[in-house]
């Protein structure tokens, strides 16, 4: 059950490939955004340029910050890479089997969130502090939806292993198709909130909080953090795609299969990020006070999925 | 949301090509004031009218020069200089590419020679101004002698002119002067 | 009866008890020599803890050993029984006693001149009585020791003598005794059905359904009050913070576990043969879910660090009960794997909570030791001056927030897995209840993360909000205490594939079930590998391995000739002069939750209002007592004191305070209690 | 008013920041690395808002500065370029310096608009310091009041080395025999002035000048012989009724002058 | 604006005042047929202002302090009220403060709208408003030395720059919160405010419990400049730069004030062109505000679309005036550029396009998800608060008051027809936005009407003489509300005093009330909903007077004041 060499190789490949592609994802978002503004906009590779540039800049630490502030971008990126080794994205099974439990995934994201928010307080900035508070609050509001929808999917597959869920959905071995679809919808909502895009970009709300936890970062740390956040967006979409739209993912470890799986993921991600691009640029940020209304809707859909599962529709 | 998408598709890309294509300028828009030093008589009408003090005039008596200068960094592009210039020496263009890295590049100067009063010898104006005034007024003269008189008069500084006027008046009409006294 | 010998865990337990007792009385005898009292109480506590720990660990594997003696009362034999569950509790109690005692060696200096000798005495009595409760196998003696716990801890709660502490202590006293009465009633019912006070008799008897259910509910309420489940939690967030921090660590870390132990004892051990219906388990599950969510929500609103931790105890008791509830459900549905898994998850979390909550209370104690305030709004930026405390607290915070790969995550993972199994395989009602409980657990987890980001952030991060310029790290005994527990957090997490089967055995043995598969090599599995896999060692390795990558990226890409990093002059305050009111405070940080969960807070206020009546009564009583005091002095107390002056002087040593006031308080409290119960 | 005081005695210099040579050397490197990725932080040091709105306009669809990787960021910690506007009022001195301090080294400072460059129309007031370079070292000046979005794009392109600087310091020295030509010497001075003044009252300094010039040119033209005919032709060519109206007014001036002269 | 008509609209107010304060009214002077300056005894000042304000539906327009010691040995105070009753006119209450005792009874305790003005006059002239409970600075920066009053004629040269007294801000903020709060600083350098101003939100997490602000970061000293370096005819170009958005409105208001003072009749065509440009300015300003409202709620696509469309109005402005922003179009007596046929046709065509596009964009804006939640019932301005503080423009009209200078006190090209007034009664951000939306369409209609029906004739008159010491008010309805200027001519081709009051000046004090009870995320939007113009204000900010303390403090101070002046009618 412990990972062997091919699985480790796959894990390494998947993690580094997603990391390498992450700035492309955020660059694509910027292009989409520009197009929604009828602007020419930057190139697809703009975020690579930004990261390279930021790497050359000086770092300025807030006066009262401690090691949490300094280490956070690296920590968050590391945690996200660990998640990348356990999420079935290119293949139907998680690259590292023992990392593929859905509860583990949820709590690893919580680990990333823990340090991201903590750094907000550590910076001593008023905006970063409020951003940290919002980041966690949104987490609280969205966690029930995500857990319940995943729980339903796991019940349908009979296992909390993400690989088992992906395989079951890919093969159509589901007791209840309706429940699977609804659970997928509810999970998609949760994933959308996790993306941190409008209308749910509470923590980084530029106009309200000057980018919240990012306010005080500069230079290489800012580069890593932006990169990590892009990686997170890639990953959560990968999570959704891997579990609920696993079609095209490789069932084995063959090089061809993995390559095709990666290609399939790229296509699915392109479509999803295009939709996200349109959605996020066509709405206003939800008034923070009203966020629970939205999250209750998410819980409602997930609960409905659960009811469907119970009655076996 | 669909209304927005419709609007986006209707509009297409709105971005202008500049700087990869020539700029779109609007006729009569107020850009860089272009000074033609050849046409300038250094009369200081513009420097007096400039609300931002972007235009200045400095007289260096020792060097015998008067230097006109415009600081594009201080200019507010109102066009008052153009409005008051009697010789059309300064006019606003549509040029807007004025950014510089060195502050001194913002300054354009023109130096003119001073004119000295033919009576007292004091510097009071520039040669070009004296010349221009003389020709302008001279054009009204009906005889060359009159023109010469006008030119000679133009070359006298205001102080001397006042003095001379008083003397002239005193000679021409002593009676009235007496009355005044 | 197995004879006492050094190879027998019971013997070690007896040694431990003897050490505690000796240490306690020796401490008392030290009188006003504080340093000696601290040393004696601390060392005896540590040694007693050590031997108790060994005893408990030996007992984990079973089989049960017991010791019986005839006591002074003909109707009740003095029976001690060390079965695996008791062993687990003994180990936990002793471990915390060990650490707390080491910590106390330095910490108690804070109380120098305020009766540390008595504190040492009460601490040791407190620990010893807890050990005795979990091991006694006779209802009468159980109740006696249970009362001893309450009394000893009551004195610890009111030790500070502040208005708040005294009133908190009173509330605690009332609830504890109300609980005892209910437990007493439960035991009487069982004794009535079996004709004996021996647990052994309860265990084997078949008690008819309605009686068993009534006994169960009485037990649940009584032990629930001790455990601090909602809505019987009101005393907890007030009493725990009032006690000295190492005592708080024991109260929150282990004392409330006696409540859980009691519930398990009644429901599974004593009434096990009678076989509980499904609704027992569902009831426990419901209580657990409500306690966990509300506990953490209330914790979020706190500014007082110890109150915050105390509310988290309510939350974690809830989580433990989720596991216990699933176990009970599994038992009644005759699903041995599910039952074992549920109990195992609960017991694992019980151990874990004892460790990290103990750790957090000790860390809080360290901060208070230096800053002399419990308000988080007057802390901030301590990670630079107190790095050991900060790191320990951070480990505790991560553990309690169930962050992998630490211990809190492992036990919550098992809880999720047990809930999943229940939802998958259970009866209809269970299939509905289990996912709801899982959602409650998820919500709890997210809120706990928020709460501990707030706690760590506001206390240790960012700019300082206090005015102590010379804050430094705490003395080494305190550091050692914290470090031991922090290591335990890591060890119980990383070693989960090896720890889980041990605790699994305790669970199986308690419920009388066969062992289930909980580990395969370095991988933990919830009964079968098809359901899920988890390997904390692998997670740890992966985190370390992947941690290298960003460091490398930064090192390679950020290149040479970059200007050296520098510390800015101030955080960016939009161009304005930054001031001390700008960094976020504990209150502001949690405000969105207070806003979104407003109805739940009003539930708390309602509950608190109920208890206010008790407190008002107390206020009136003390006021009356104060007015009556001179008369008492003249007419009653003076003659008595004069008559027994020597005795009186000795007794005064106990508190170093005004003994008469205490007498009055206790008498008054008993009167009120009686009035309440009778009504 | 007090006795006159000279400006240099009145004004004290604010405590500005200077740059170390080391940092100056790093700037060259920065310019290379930010070629296509520029984070800009706006520092409004007391402008009238005109500049700020034009900066906004420069990032909107028509001008779209993001084409060049230029992005306006919300925190100075992210900035490569600090864009100072305004004449640096007294109250903005410290915030302006704080923003400079907060940004990572090296940083490029762009001074934007007349106020930022020199203080503009407010250059010598009691409550301003008179330009960005009074408090921080400036690398690029973008003139304008306010600079148009196109001028902004040009300024940034220039700062980043994409376009060349056009404006250079020049100094004309009067040459020998330099003489200013007279305007319409063939028309009596008084008449020309009267026409020009009337045209200005009717159409303003700009259009008025053009209309007066056309009118005077027609007046001075040799063909056709009759003044009235020439002016009628001029009017007939004009399609704009307003200009026709103004020609009519100018002809009235002409007529009045002629009548006056005659009398 | 004809000063020679015998018609004197507003005489009834003067009569009422004489009846109410029989011995206090010393003199009445009429600047135009709708503008009177009534000199009252200093002691009667608060009561006179209160009477006009509350009894006769007066609204506080501005207050000018003036150092007239060189003329008559006193400081003059001119309280300007815009009368909203049957007789629409401006009433100016004038009182004289003796040179040797620079204090006067504060009007603020009776009319809260005066608070900023009285604080400002203390800063700039050193005149102490007795009974004013707010002792903080308003206009002058924290690092300005005490006791140096810039607008006193003899205090200092206009170029005098004293050394800073401090490097750290020391302005005390008022926080009325009963609970513990933290501070969220918005500005002076905040991404959402294009201009510097410091808003200090006292928050409990997300909730704004109270707010205070410090403005006047943009105080440059323009009023002093106008009376020193510049000739009176140059000040139109300075007034253009009061504000980067609505500068032209200031320029017109200034020109009007001098024209009113000197009795200049501006040619009709010049007036029409002024109105056309004012409406063009309103167009781009309102579109800017609508765009920013989108931006502040994160709907950047809307922001970009509004700005894309707004570029058309900028193009119009550039075509009509030669510049996108600072029009530099006014001279005393008229305007500097004519509108020829070509420009007229282009303008009409562009307006046609603009109307369709703006209609579509507004439709998009109102149907965008979450917008409703962001603007409805957010940032409420209670009509009662509004009545006490005299805000202006869409802020006031969004709270249900029917007041618009263009209709109430017609000027420039609005003399001919009735200008529509748009009113909404929701009192929230949405109402203010909707008022602006309607005004955009009205502006287009006004421009079209004026273009299609432009009077013939000159655009400028230079047929007037400069007469020393004449003074009058000039006013416009800027996009943000009424701009009002009070100018007094000197005797050296300069102004003696220029008092420029921008619309936002009157809108700041109510902001505090609008922020309370909302959340941090609403703050930028609420601030934007008053469409603030920081530099317009040029000096001030502050907070309204704390109601609870007002009475006691004011009363005691007032008592002392009255004791010292036994003749006070207030006794």
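Points worth noting:
Just so it is clear, A, B, C, D and E label the chains in written order, and each chain counts residues from 1 on its own.
Criterion: a residue touches a chain if its C-beta (ideal position, glycine included) is under 8 Å from a C-beta of that chain, and two chains touch if they have at least 3 such contacts.
Remember, it's a predicted structure, so these values are computed and weren't measured experimentally.
Comparing the CA-atom centres of all chains against that of subunit C, the greatest distance is found for B. Central chain (C-alpha centroid nearest the global protein C-alpha centroid): A. Each chain gets one centre point, the mean of its Cα atoms, and the points for subunit A and subunit D are 50 Å apart. Annotation: 37 Å between the Cα-based centres of subunit B and subunit E. Averaging Cα coordinates per chain places subunit D and subunit E 28 Å apart.
Counting partners per residue, subunit C has 563, 566, 568-570, 572-578, 582-584, 588-592, 595 as the residues that reach two or more other chains.
For subunit B, the set of residues that touch two or more other chains comprises 1, 4, 8, 11, 14-15, 28, 51-53, 76-77, 79, 83. For subunit D, residues that reach two or more other chains under the stated contact definition are 29, 43, 60-62, 64, 67, 74-77, 94-95, 98-99, 102, 104-106, 120-121, 124, 145, 148, 205-206. Pairwise, the chains that make contact are A-B, A-C, A-D, A-E, B-D, B-E, C-D, C-E, D-E.
The part of subunit C that touches subunit E in the complex is made up of residues 377, 573-579, 581-585, 587-592, 594-595. Against subunit C, in their complex, subunit D makes its touches with residues 23, 26, 29, 43, 75-77, 94-96, 98-99, 101-102, 104-106. Per the touch definition, subunit C reaches subunit D in the complex via residues 561, 563, 566, 568-570, 572, 575-577. The part of subunit E that touches subunit C in the complex is made up of residues 168-169, 180-190, 196, 198, 203-207.
Touching subunit D in their complex are the following residues of subunit A: 30, 34, 37-42, 46, 49-50, 52-53, 56-60, 206, 210-211, 214-219, 222.
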